[in-house]
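Take a look at the following structure, please.
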Amino acid sequence: MRARDLGINIGTLPTGPDNAITDVSGCRVGHTTLIEGSGPLVVGNGPVRTGVTVVLPHEGHVWTEPVFGGHHCLNGNGEATGLLWLRESGFLTSPIALTNTGSVGAVRDALVRLEVEHGTPRDSLNSLPVVAETDDGFLNDVYGLHIRPEHVERALRTAAGGPVGEGNVGAGTGTICHGFKAGIGTSSRHVALAGGVAVTVGVLVQANYGRRARLCVDGVPVGRYVSEDEIPGPSHTEPAARSGGSIIGVVATDAPLLPHQCDRLAQRAGLGVARAGGVAADASGDVFVAFATGNRHLRVSQGDHLFRAEMLPNRFLTSLFEAVVDATEEAIVNSLLAASTMTGRDGNTAYALDPARLHEVMAAHRPRVSK
Amino acid sequence: MRARDLGINIGTLPTGPDNAITDVSGCRVGHTTLIEGSGPLVVGNGPVRTGVTVVLPHEGHVWTEPVFGGHHCLNGNGEATGLLWLRESGFLTSPIALTNTGSVGAVRDALVRLEVEHGTPRDSLNSLPVVAETDDGFLNDVYGLHIRPEHVERALRTAAGGPVGEGNVGAGTGTICHGFKAGIGTSSRHVALAGGVAVTVGVLVQANYGRRARLCVDGVPVGRYVSEDEIPGPSHTEPAARSGGSIIGVVATDAPLLPHQCDRLAQRAGLGVARAGGVAADASGDVFVAFATGNRHLRVSQGDHLFRAEMLPNRFLTSLFEAVVDATEEAIVNSLLAASTMTGRDGNTAYALDPARLHEVMAAHRPRVSK
Amino acid sequence: MRARDLGINIGTLPTGPDNAITDVSGCRVGHTTLIEGSGPLVVGNGPVRTGVTVVLPHEGHVWTEPVFGGHHCLNGNGEATGLLWLRESGFLTSPIALTNTGSVGAVRDALVRLEVEHGTPRDSLNSLPVVAETDDGFLNDVYGLHIRPEHVERALRTAAGGPVGEGNVGAGTGTICHGFKAGIGTSSRHVALAGGVAVTVGVLVQANYGRRARLCVDGVPVGRYVSEDEIPGPSHTEPAARSGGSIIGVVATDAPLLPHQCDRLAQRAGLGVARAGGVAADASGDVFVAFATGNRHLRVSQGDHLFRAEMLPNRFLTSLFEAVVDATEEAIVNSLLAASTMTGRDGNTAYALDPARLHEVMAAHRPRVSK
Amino acid sequence: MRARDLGINIGTLPTGPDNAITDVSGCRVGHTTLIEGSGPLVVGNGPVRTGVTVVLPHEGHVWTEPVFGGHHCLNGNGEATGLLWLRESGFLTSPIALTNTGSVGAVRDALVRLEVEHGTPRDSLNSLPVVAETDDGFLNDVYGLHIRPEHVERALRTAAGGPVGEGNVGAGTGTICHGFKAGIGTSSRHVALAGGVAVTVGVLVQANYGRRARLCVDGVPVGRYVSEDEIPGPSHTEPAARSGGSIIGVVATDAPLLPHQCDRLAQRAGLGVARAGGVAADASGDVFVAFATGNRHLRVSQGDHLFRAEMLPNRFLTSLFEAVVDATEEAIVNSLLAASTMTGRDGNTAYALDPARLHEVMAAHRPRVSK
């Protein structure tokens, strides 16, 4: 079940064929999902409700063929490695990995190790992968260090184009958004520019932020109608649950953007979060990474003295910004609709947003006068 | 006519008594409005549809008694002086002035001169005022240098608390937002924190951004219903009109925030813009300045070796963030509702959003089932 | 008299033919110098010891043919307009103008007006010029608004390649560095990269920062030897003189750098300031702007859908960084050596560093054992 | 052997009693040093020449009693976790840990786990520690994941005030600076402010950057005299050795600084690197973290509604900036003098700078005329 299955179409731009980040040609996504045990939390033993999601910018080896990239931090109560290098170099030189708060280091070191084992020449090693996280500790033994190198390796090995798993998978296995069970969500937009040029923009989110009362779906204040009295949120179970959470967004495009233009795209993802009801709460780590595959072959050999790159003129970016805002909002809705109710550590339960109930609320707000 | 007069209440937090930035105790606003001439544009002669708006953080002299402040740039296609100093020092040491693109320098130098003439001791002179702008050139002779020092002086002299003029006044005289005549708008929120502590957050905008199709009012896609076929937008008159525009937001609070916390508030204003339909277009200069008056007496004399300051713990900021998001969105709606249709240079006309028509659209979207 | 005339060669890279920023092909510099009156300060009447310096990146119209650029702020107690736009767009779209603190606005508005009068199409107008300043108020009537549009126009009209005026000229007319009369200084480096590729890096400074005791020339602590007891500094005349001051640096290169690489070059200018003895004092506005002319024709027409750009691989940048550090340090020394003693407002006198005395100090530190 | 033992006194400010970062009252440093094996590199088996160094801001638990902090990135070719949170919150909430590139994740997750095991209440858990790195791969099996949680725990447990181990210890075990064996170095300054107030500034570096030819010691171009012909550098052994390296600097002060003031201190550490000959090469990760212990008790309980903080007025910061610049430069020299020649993986040898030879070069440059 996705937003469009309920007639919820965010914005007016058309989606790509799979309405997923993988609509950006060559872009691949892989998940490793870990669900084990139940009952009381014993740190190190579980219960486990977590995973790893990786996004690969193209079909080749990003370690030896980087793409331009950038990022934006809307609220920094979270971890994301590799950002200093991304900003300084302008290059994304690693898969982007998403996981839980307690496993950022394990995933990071695993990616470095895989880069070395891949046979990357030592003078091309970057060792500075992008790994971001949200805190799935309401359901998961977040400090139990359950993510091991093989889980990262498996997510990479199984990464593929085409439709992307959403909801309780990978790094979204244990996440909660606006008080509903959420997880991974994705969406894409097709943008026709002047002169027959067209580009694709895709967004993938790990949604784990926000409080119920502010949830909006395509402008409808769903969170006010489907309150925590009707469907409990985590704060009903555990008063001390942090109201903040986090959201990580990955923005991909096949447009030929330079690094500073990628930064600009990344900042727009936050505007999509705002439309869904986020305020980038104090306890939230809201970080967005963007990459552009329109320039390739940027490090083919040491012998090259110059790279040749194309650049989309800035005046075309407004359409891409709209695409990012809309696709981010829809990816969040998709993360909610794909997720199913889950019980995790200490019997904590995160309830899914019932699609039928959402449909009912949306229908009640449909205009009586069409124009 | 303001949003609440139409039953449009953004969010659930209560407003301050005047629903204006001046609800922050001591905060004052002054406008100088310049409307002269009509007919074809002759640079330097008019027609003139512009002005200056100043925001003073408290009832004293900000030149000698600064407050903590910060800023955020959502999109930098605009000018705002004084930001390097604001970031470095953490202090707002000048009135904040808003004007048109072509007059930033004149207003800036006028403020410096007024600071000198005020008798500020030379070793306390900052000479680095905050002056921001949007481009009102669809209606105004924006490069005609019509703002003179006496206009700045008048805005300062007449600045007052209480209700704030909105719409076609001051720096909003000639601005356009989502294809409708707009201008200055303001709103405020009252935030009750734990332990009986309450703070006020106010926002004032100079709204001049966005395209029609994306305008949302409290989640309702008004811009799709009241299209440019029904009420023309500037791009109907002048195809080359920049689709971008700009928005400047001033965020005020009486909470005791430190400078880095003011930066955080400033970034949230952009989330309010997003909810109203903005995407921070390429051609837009979207800059937000925030100040906090909860700490005063920060530079009483050279003899002091330490300042004593209070700091609101970060965990309380989420409520303030919600207040900024909501008040920014409402300030934009207020800027639209207060504005009236205006004809300016070359007969260009910016049409106001008819409140009755807005009411009709909003009513059509009101839910048929209340819960 | 320049540093190399005294045998002072900073670093080991060769200079360009004129050892000036104009060694970057096409780069032009123009000065307007204003020296009028003497005696007590009467704000608005003088005495006047100030000016304007403009740097044009190439022989064409930068308004319609921008170049990639970036900036870095080492300390933000100063004003520099146009930086939001430079960061957001990646383009330098105006001449860079330097002047005094009180005239930033006048110079800014004059540049906007000249851009309009140049006939720039309205949809290409940027109106966001880069104007930076330092405070020459020890000698000059800094708040007297003595810079008028014709002074800006004259600096632009007379801008030329070849040797660049240094010392008491243009925006350096009234500036003071490490307690000595200083002004404008410049230097350049020729950098041979792998594969026969060579690039030029040039730096121009408006030097107005630092205290005597920390001045170093090529590592020699000259400020400790030529103390304020021997040659008075401004603090001897006027105890309240701000110990900070400012330095503005303009970094130019003909290398094909992208905007984020220009930011990196700009930050290295501060390292050159550090080597000369600067600490970026609290009261200092230390801002560096960098541009790269290796990519041209970046906005030839609205019809272009893509720009084609070249990019110097990051691994070559280290040599350019060394060039920036060394050229900045040498430009500062040149600004000191070219300046002559000047008396300004209220009889305040800024004394030049006597080249013979400098030579004597440097000679005393020359190693007795060559290796 | 330290710089002052050779009569090398950087700047004129007095040092603290131990001339170490631990002169900031309560500040503690701990090292775990790992030296095992020899011969050819087998990833995962060694040889091992690495370690962990931790800096604790005070004698209490920083996890539950944070201090204000900030950072600056001079060049981002490196990893440092925790910086998003440090910037956003203004708080340093963890020990600062330094290690090698390949072990950042392991150290990071270990610190998170220790914070949990410490019994930190879940709603106070930050889980976002500051861990930075340099690449010791010339000597060490940097991707062998040799740092384990017990090494982090041991560094924390043994952290102490008083004299600090320098050279080949902790995170400096395998590092190289300006082509000489280097490691950890530290220095401090005592700064007397107006009115009898005095503060201490301390710096600790993990020095692993720079090329020989640019090394300067107190202004003397030592690297030109003690060339790689005389004492080989790593590029003689291994042509592909990255010329960049990295430097991490930790700046501590007992002054009551706010977070944005800590950022300012951090940027000045880079100026000290510049004076020692660094240019922040492309391949370098030059990151500086600063904290200020002048405000304590910033999170004593959930019941507090306001923190009370003191703030050193900005005008006093210039003296602290001088202290940071000088202490950083001296810490680098100390890291060189304390290090001894080391042979590591594949027989690679990093040679120490012979103190007698340094003394000889310095003496040759001492002025013949004292004034």
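Think of it as A, B, C and D in the order they're written, each chain with its own count starting at 1.
To be clear about the criterion, a contact is a pair of C-beta atoms (placed from the backbone, for glycine too) under 8 Å apart; a residue touches a chain by one contact, two chains touch by 3 or more.
Bear in mind the structure is a predicted one, so any value in this text is a computation, not a measurement.
Each step here moves to a touching chain, and the least such steps from chain A to chain D number 1.
The interface at B-D recurs elsewhere; of A-D, A-B or A-C, the pair that shares more than half of its residue-numbered contact pairs is A-C.
With centres defined by CA atoms alone, the chain at the far end from chain A is C. One inter-chain figure worth recording: chain C and chain D are separated by 33 Å, centre to centre, where each centre is the mean of the chain's CA atoms.
Computed from the mean C-alpha positions, the centre of chain A lies at a distance of 44 Å from the centre of chain C. The distance from the centre of chain B to the centre of chain C, with each centre set as the mean of the Cα atoms, comes to 35 Å. In chain C, 75, 87-89, 264, 314, 316 are the positions where the chain touches two or more neighbouring chains simultaneously. Note for the complex: chain A touches chain C at residues 87-91, 193-195, 197, 256, 258-261, 264, 298-299, 303-314, 316. By the touch rule above, chain B contacts chain C in their complex via residues 43, 73, 75-89, 101-110, 112-113, 116, 122-123, 127-128, 135, 137, 143, 145, 240, 242, 285, 287. Listed in rising order, the residues of chain B touching chain A in the complex are 12, 74-75, 213-214, 216, 218-221, 225, 243-244, 264, 267-268, 270-275, 278-283, 314-318, 321-322, 325, 360-361, 364-369, 371.
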